[in-house]
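Several structures are given next for inspection.
Here chain A shows up in two complexes: once beside chain B, once beside chain C.
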Partner chain A sequence: MTEKYEPKILAFLCNWCAYAGADLAGVSRFQYPPTLRVIRTMCSGRVDPLYVIEGFKSGYDAVFVSG
Partner chain B sequence: MEVVAKLLELAGIKRDRVQLRRVSAAEGALFAQYVNDVSETTANLGPFDKDKYQLQLAAIERACNTRRLRWLIGMEHHLQNHDNVYETRTNPDLVIETLDEAIESEYHKGLLLEVLKDGPLSVREMAEKTGMPVYTVSKRLNELESDGMAEFDSHEGTTPKFISLAA
Partner chain C sequence: MKSYPRFIDPDKCTGCGQCAQVCPVTAINEFDCGLNLRAATYIQYAQAVPLAYGIDRDSCIGCGLCEKVCLAEAVSYDQRPSKAKIDVGAVVLSPGSDAFNPAKFDNYSYLKYPNVLTSLEMERILSASGPYQGHLMRPFDREEPKKIAWLQCIGSRDMNKCDHSYCSSVCCMYSIKEAVIAKEHSNVDLNCSIFYMDMRTFGKDFEKYYERAKDEGINFIRSRVHSIDEIGDTGDLSLKYVTAGGEIIDETFDMVVLSVGLEPKESAVELANNLGIELNHNNFIKTTDRDPVNTSKEGVFVCGAFQGPKDIPQSVVEASAAAAAAGEILATVRNTDTKDVELVPELNILGEPPRIGVFVCKCGTNIAGVVDVPDVTAYAATLPYVVYTTDNLYTCSQDTQEVIAKTIREENLNRIVVASCSPKTHEPMFQDTLTSCGLNKYLFEMANIRNQCSWVHANNPPLATDKSKDLVRMAVAKVGLKEPLNEISLNVKQSAMVIGGGIAGMTSALGLARQGFKTHLIEKSPQLGGQANNLFKTAKGELVQDLLADMIENVKKEENIELHLDTEVTGVEGFVGNFTSKLLTGGEESEIEHGVATVAIGGFEYQPTEYQYGNDPRIVTSLELDKKLIADDPIFKEIQTAVFIQCVGSREPDRPYCSRICCSHSVEAALEIKEKNPDANVFILNRDIRTYGEREEMYKRAREAGVLFIRYTVDQKPEVVIEDGKVIVKTFDEILGRPLEIETDLLSLATAVLPNNDVELAQFFKVAMNEDGFFVEKHAKLGPSEFATDGVFLCGLAHFPKSIDESIAQGQAAASRAVTLLAQGTVKTSGEVASINPMLCSSCGICVAVCPYSAPNFLEEGRFAGKSEINPVMCKGCGICVSSCRSGAISLKGFDNEQILAMISAA
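Now for the complex of A and B:
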């Protein structure tokens, strides 16, 4: 059986917006792919360009910032 | 974000690998949809080969750490939409142009400093290792020299070799 390629995505989520949004998505049982690895930040403005680069250096296929 | 995307693009990494989305705490469905979108875009791009881009990523990191980009990152909105202390507004196109110029130059310089880390190199060798044209290399090398970040080291035959003075 051949498995579909699953990307590894690093997600920076703002504590007050997207993280709560992600929580709600879970509570309301919306289906979304298990490709995300989440890091919670206190604000998406806290995310420095260097974090994004570090994500790529650690082997992530994409970086998603949401807030 | 725009700065990072531009740097990635210069490095030959698809800009779609970095995505910024606004989601409020009440928008679970929207969040799920964005995750779907991002996963699909990334799946279409395929896996990211971090070893292949090691040099480029190190150069981007260097560029992001320069004082010039540190000052410019996140300033474009403010510069374009607010008056400065002289109560005049900077031309929006000029802001973008300046930013692009700074990004490109800092990225190139980052690349050069990265390849010079392992010892003295001639301009031609640097061009080979970074994939930049010889003319661009010597232009950026000149900038590095005037910033005190690189200097002439020695001659190998008649070819001058340069070293990095940066940490």
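Now for the complex of A and C:
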């Protein structure tokens, strides 16, 4: 392990705010580590606790719910 | 109409930004108030709609680089201004306002010292997309400030140097907001001080925000700073001011923000002059309180800050009001200039295995410059059920749509993935392509490999390519599980019910009726008019009784209005487009059907228990005073002294809102008393005088007429005693620093406005009320005249205390919002809605409780009585109920568990 540790993050983003924010980060060309994977939901309230557990089971180091 | 060229065709521009990256020119970024630079090819701000670039030809050197790199061939240097003529039946003016420019006056030291900023510059500094990416820094040395001062009323409420006499209405609130946000953004315990004359937090929930800011340690100093000096070359600023107690203070700040006001745009004034529309002495459009959005020219309407200084919610209300006013004159030609889209019969793909087509976009070089697009395309071909892959230079271009449609037909594709930009901007367009060749539009998924990949991982092409493959794999996993969904269309009953026959309710009913819809106007009492029956004059001096009489006459003669006096609503069933309400009129029940409903149930006056109210006939409330004024009571000729006490029942711990209208009302009544009896001594005891907007000029006139304003604080309220038949008001004058006693012949209590707290009605429509009992609108800023529940609208005092002109505007606004539904004739559901399997439902009611849109309900009859059912018309597809359901009975089409879990395991 010579490289810097970058946690793999699974993100659930609300379509109306956080997902739009992630799009805006792109338009503004903000750079962030390419270890984030985004799943869009229509509301962060859609995120079932099961999804968080499934995220960890799939090998993610962190699960991020934003909305 | 003249359109100025932008030199880049917005229809062809994909918003990729390549042109701006190669542009060698640096120009000043006006949007960031000059705190930043930009290229000559630029986009004003990142959220711009359309997201299309333009060329600033004033700074462009004509090098041609942008034209060369633009793969979409959107750049065209030889565009010329174009003129067009359009026939319209109405015009709405909404040119907005300018911020006051403090550079005109040397005492603000705005251009002299770099750390003296305008509030607009501060907004940009605090913005994440601003010049410092939201890091709080001062321009002089990019150091983080530890101490910031906001100076209020810059260019407002000040006539000394030819600035403006009116109050700009918005600055108090935005300064508090900036101070709160600055504290949040700061890494140190930021010291924020706001220097003000009167703190005007008169909007809905604003007073609570003010109280919260005080709790968070923001200093509010009532003083006007007279000089700003820079200390040596430190960039720090010394402010000199005098406290209420007379003490001279010299305090040092790292940064000073000038809270600049609003003023009419020069170009807007020119436009109004060209159109021959009358302006008032402040150069705002001249309007009346009776018709707040009508200009002096018939068919031309106005809304927003060109009508008078105002905040976002009031601008949005007026925008809808202007639409209603325009709609009234255009009602007969509605839908005469529309075209129907030809529908292609839908392909039946049920039972077919998925045949997925993946289209990977290069977006010029936006994606392809970072992500290895051919590699991603080749990878997509290896994924299960993928039968076709290709890449495109621009997947969104019109010719590619034709290619996609052709491919769908030729390859028999039944699921489509586009790997490109954001579904938020492009999903509807691709869905149209699917629809155009008969494929259900829900058999579609996007992988966002531009905004959320190539743009943000530009320095790491290999990992960006890996991420793109992951995103495509996730989209493919989901789309394989997608099914065709139906959108149900329901007819909207072409009639409305308006509850409440006050100013707001009547205006709303007239608006609906004049736009051609049958309207039931329900009034609980035997007469129309509500609280307006008690009011004397509006802020502009118009007689309320005359206005009311005309309005009642208009309601009575309007054919489309069916008036139900002495009537209460005893039950409401149904949902948007299809309501059935039960009415009770004098013991008799009836039923009406309606497509929409407007709640305008108004409010009433607080009956005080303080200040000896009820113990002496000389002690009256605001409305009782107005009744005397309406009756032209001879008492006004006799009185020597009149006293007003403000904030009676408002801005108190148990009623923590400002009632908005009482300051203007008392000032206007004081002026009236002074006019009838110029020798009378008139005192207004207040905590802040909140005569917002152009009402400020009334406050000025009152001071000129000799009305005395004495401030008191909430911890040291005035006292009223009745001694030897005299009414004596005792208070402490903080400027004199001593107690005062005033013997008065009339004491008017500016009592709070209370909402008609109709919990039952709220339950009928499943709409929410806040802790003060006012109804909660859909969105505080953008949806002030409607509820979150579809088909139900809101106006008047039931929303929040407001003046006659504001009630009229909101009445019109509610009508306008309702007409947008009625005029469509049908409501269409989304396909992506939740549904309940009644076999699994345990009737726990969580879905009913959590849904913000009142879509779930318990079935009352049939085999599944007691189980919950979701009305697809009201469902917004948020899925809160799905994740809350303990029984796993609810599924959400398009975002179902198996689809999301497939994405997680593919991620």
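Operating definition for what follows: the second predicted complex is superposed on the first by the 66 of 67 C-alpha atoms of A that agree within 3 Å, B and C clash if a C-alpha of one lies under 4 Å from a C-alpha of the other, contacts with A are read in each partner's own complex, and residues count from 1 in each chain.
Basically, a contact is a pair of C-beta atoms (placed from the backbone, for glycine too) under 8 Å apart; a residue touches a chain by one contact, two chains touch by 3 or more.
Given the structure is predicted, the values throughout are model-derived calculations rather than measurements.
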Which superposed partner A:Ser28 touches (first chain B, second chain C, both, neither): both
Partner chain in contact with A:Arg37 - chain B first, chain C second, else both or neither: second
Touched partner set for A:Arg46, first chain B, second chain C, both or neither: second
Partner chain(s) touched by A:Ala20 [first = chain B, second = chain C, both, neither]: both
Common interface positions of chain A, toward chain B and toward chain C: 20, 22-28, 30-33, 35, 48-50, 58, 60
Complex contacts: residues of chain B adjacent to chain A: 1, 3-4, 7, 13, 16-36, 38-39, 41-43, 45-48, 50, 53-54, 57, 60-61, 64-65, 73
Complex contacts: residues of chain A adjacent to chain C: 10, 15, 19-20, 22-35, 37-43, 45-51, 54-55, 58, 60
For the chain A and chain B complex, residues of the former touching the latter: 4-7, 9, 16-18, 20-28, 30-33, 35-36, 44, 48-50, 52-53, 56-67
Chain C to chain A touching residues, read off their complex: 15, 17, 46-47, 51, 128-129, 133, 422-425, 448, 450-453, 455-460, 463-464, 466-467, 470-471, 474, 832, 850, 876-880, 882-884, 892, 895, 897, 900-901, 903-905, 907
